[in-house]
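The following block contains the structure, expressed as structure tokens.
By letter and in written order, the chains are A, B, C, D, E and F; residue numbering begins at 1 in each of them.
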Amino acid sequence: MTANSETQPRARRIAVMFATLLLFWVMLMGRVTADVLIVGVMVSLAIALLFPSGLSFFTEFRATPKAFAAGIRYYGLFFKELVKSNLKLAAIVLSPSLPIKPGIVKVRTRLKSRMGRLMLANSISLTPGTLTVEMEGEWLYVHWVSVGSTDVEGATAEIVAGFERYLEVIYG
Amino acid sequence: MTLLIAMSLLLSVTIVAAAILATRSSQSLAVSILSAGLVSLLASVQFLLLAAPDVAMTEAAIGSGLTTFLFFFVLGRVRGGEHD
Amino acid sequence: MAYIAMTTGFVLILIGLYGALTNRNILRMIVAFTVANTGVNLVMVAVGYLHGRTAPILDAAVPVAEAAARIIDPVPQALVLTAIVIGVGVTALMLAYAYKLYESKRTLDISAFKDLKW
Amino acid sequence: MVDLLIYLAATIAGVAFLLALWRFMAGPTAADRVIAFDSLTIVSITGIALAALAEGRGIYLDVALVYALLSFLGVIVVARYIERGF
Amino acid sequence: MTSLLYLLGGILLVAGAVFLLSGGIGLVRMPDAYNRIQAGTKATTLGTLLTLAGVACLRPDWALKLLLIGLFLLFTNPLSSQVLARAAHRVGVKQAPQTVIDRLEEDLGEKP
Amino acid sequence: MIRRLFVVLLLFGLAAVFAGLMASYSPDETLNLSARYYAEHTAQDIGAANIVTAIIVTFRGLDTLGEVTVLFLTAAIVGLVLSHGRREGRGSGRELPPAGELLTTGTRLLVPLILLLGAYVFVNGHLTPGGGFQGGAILASAILLLLLTDPLRRISHRLITAIESTAGLVFVGIGLLGIFLAGGFLDNRILPIGSLGELFSAGAIPIIYSFIGLKVGAEFSSMLAHLSETEDL
């Protein structure tokens, strides 16, 4: 398994971790004043140094304008898919005959970075109808409530391709 | 106010049902432990409705992970003893 | 609401005691004990509840001047807070002993342990 | 008007809570009970948010924060137990 | 303006509750554990997110904390359901008779 | 079953007692005397917005010291009971199934966040619900997540013991400072009280509660670590 995070310099990873934790700290406190920032810097620095193998959203983030644009469009796609597939699932659940056709299909992903893979699997899991069961190398095993196509290529095109297009730009 | 009372009643019924499930000896031990975890988790919401957020947070932080883990850990270590 | 919670707490204590007294398996007894523990906590918090009042934390919603007229009794909450934490410690201790008992006798049935009985 | 909507939402969420409880009681396999457990905790987060709304205390949301971040631990504990992971 | 926001908040609350209900119905009606994970935890996640959004519309000063609750839910929920599905498959929880294909079982059979 | 009959009779007796308690219980309309004192004087004297925290850390600080000691003893006894006759290593143990890539990555993502939430909870103990005990339990939950992902991971006992004893010493030391600089043991007014609602307010309460949090977290973590080093039977 190749993981970019291990090749990134340690100092940079700790710095990214620290920045993310500080952001979360300010969000938790809900205000930006001197005392909040002093305590936040202390706490975030302590956690980032104590737990250097931690990952954050931005650990492998490619800080380019293209990646930011892709990120915004990714979240747009994600929420659209979330609502759409929830409606679909609600229709399945409420219909008297319960028209399901479940199965576990195998799909392929091109993503290499850890965060990208995690985000892909989480996005697949969060959209109802599909649920990542196992991830091994480039293969994902996805449980699908209404199987559309059983071969690898067709399932990949239906499940993965939409998210992967953006995640590839964001995380690589 | 009526909303809170209705929620409290619903939670009470659930807690008692889960507690009965937790102490029935015909269930498997894992189910008992899971039900005990449910009792403590829902009791924490009940604490919140009783205007005790400190206690609710303690119960949520401890009841959800730590206690369940301690029980399941020992249960996993003594597999075979659960059918006595 | 105090009545509801108090009744629930008492019922939980009874259920927990019944389970602890009738089950033969040590782990089941400990589970029943934690249920009874939760019941006791519920009763104690319910005793401190006053109808129509809110949590004893002062902020924008409850200014200092109105505190005495609007908050509930904070003392039982402080007691229960410590009781819960100690309860976890006691549970861990009981489980550690259950593990050691299983190690020595290879069973969790309480009737197998009669070393102190004659 | 809005109050009415809040009551309606609470009622519907309560029905969902009862359905998940039924699955918890009946569930044939351990996995079913764990799913029901997870759903119950997630519905409880809604309950906490509604209670905070009804009481008008924003500090109650801290408890929901703890719920959201820690309730999944119980599920992972049971999952690792049934696959004998510890 | 604010009354419009209030109305939006109420509607979002009800919509979230309806998704919670669909999750609950799915939890009861679906035939096997994997499908119940799909219906049970995913629909309830969206339902809770919508409810939180509704509360944020009713009380805009809580929005930041509600956003954090939603974010944490989005991190933790898929993780727990994925781990649970994996464990269930590993110990061989039965699938429904309607199941058409199980690639994971086939691949595990090839390399024991 | 004479025994079961006896149990049921006993429980009926208890139920009658409880019913009597419930029947004679009448909820108060106003706060009782001590609660009224706490409600009226906490904001001026202590400066803490959360009255429960004020009670735990200052008004009844000695109770808390005793409680932390009980917890420490419990953790020590768990360690003692379980360490007796432990074999080295896990050579005879069965093969553990790996945690899978997603759980591993997810753990690395979530553990810093859980630690941050724990720190938030105990630093803000005097303003929002929460405090040292809750924060400590949340810190221990992060350790628990690490252990679940990799059961063979060894948590450094020396680090845990160091954190635990340092936190305990600082706790008692701040308490002693209170004798010299302010009104008595565990008096929080060794630092300025500040204005209600600020992060740096309520005197020494945030500092005391932070160290209680670290101590409780270390104690729970040591329990978890000792348990995870046992072997299958």
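The rule we apply is simple: a contact is a pair of C-beta atoms (placed from the backbone, for glycine too) under 8 Å apart; a residue touches a chain by one contact, two chains touch by 3 or more.
It should be emphasised that the depicted structure is a prediction, and the values quoted were computed from it without experimental measurement.
**Student:** Using the contact definition stated above, find the chains touching both chain C and chain F.
**Tutor:** Expected: B, D.
**Student:** Out of D-F and A-E, which chain pair has the most contact pairs?
**Tutor:** A-E
**Student:** For chain A versus chain C, what separation do you get between their C-alpha means, in angstrom?
**Tutor:** One centre to the other, that is 39 Å.
**Student:** How many Å are there between the centre of chain B and the centre of chain F, using C-alpha atoms for each centre?
**Tutor:** 19
**Student:** Using the average of all C-alpha atoms in each chain as its centre, how far is it in Å between chain B and chain C?
**Tutor:** So the centre of chain B lies 11 Å away from the centre of chain C.
**Student:** Please tell me the distance, in whole Å, between the geometric centres of chain A and chain F computed from their C-alpha atoms.
**Tutor:** Distance between chain centres: 33 Å.
**Student:** Two-or-more-chain contact residues of chain C, please, as numbers and ranges.
**Tutor:** Residue numbers touching two or more other chains: 2, 7, 18, 22, 49, 54-57, 59, 72, 77, 81, 84-85, 88, 92, 95, 99, 102, 106.
**Student:** What residues in chain D touch two or more of the other chains?
**Tutor:** Chain D, residues with two or more chain partners: 6, 10, 17-18, 34, 50, 55, 57-60, 62-63, 65-66, 69-71, 73, 76-78, 80, 82-86.
**Student:** Residues of chain F that touch two or more other chains: which are they?
**Tutor:** In chain F, the residues touching two or more other chains are 50, 52, 97, 100, 102-103, 106, 109-110, 113, 117, 121, 128-130, 133-134, 137-138, 141, 144, 148, 220, 223, 227-228, 230, 233.
**Student:** Can you work out from the touch definition every pair of chains that touches here?
**Tutor:** All touching pairs, sorted by chain label, are A-E, A-F, B-C, B-D, B-F, C-D, C-F, D-E, D-F, E-F.
**Student:** Could you list, by residue number, the parts of chain B that touch chain C in their complex?
**Tutor:** 1, 4-5, 8-9, 12, 15-16, 19-20, 22-23, 25, 29, 32-33, 36, 39-40, 43, 46-47, 49-55, 58-59, 62, 66-67, 70-71, 73-75, 77-78, 81-82, 84
**Student:** How about chain C: which of its residues touch chain B in the complex?
**Tutor:** 1-2, 4-5, 7-8, 11-12, 15-16, 18-19, 22-25, 27-28, 30-32, 34-35, 38-39, 41-42, 45-46, 48-49, 52-57, 72, 77, 80-81, 84-85, 88, 91-92, 95, 98-99, 102, 106-109, 112
**Student:** Report the residues of chain A in contact with chain F in the complex, numbered from low to high.
**Tutor:** 1, 17, 21, 24-25, 28-29, 33, 35-36, 39, 43-44, 47-48, 50-51, 53-56, 114-115, 117-118, 121, 132, 134-136
**Student:** Under the stated contact criterion, what part of chain B meets chain D in this complex?
**Tutor:** 1, 3-4, 6-7, 10, 14, 17-18, 21, 30-31, 34-35, 37-38, 41-42, 44-45, 48-49, 51, 53, 56-57, 60-61, 64-65, 68-69, 72-73, 75-76
**Student:** Which residues of chain D touch chain E in their complex?
**Tutor:** Those residues of chain D that touch chain E are 1-2, 4-6, 8-13, 15-20, 22-23, 29, 31-32, 34-36, 38-39, 42-43, 45-46, 49-50, 52-53, 58, 61-62, 64-65, 68-69, 71-72, 75-76, 78-80, 82-83, 85.
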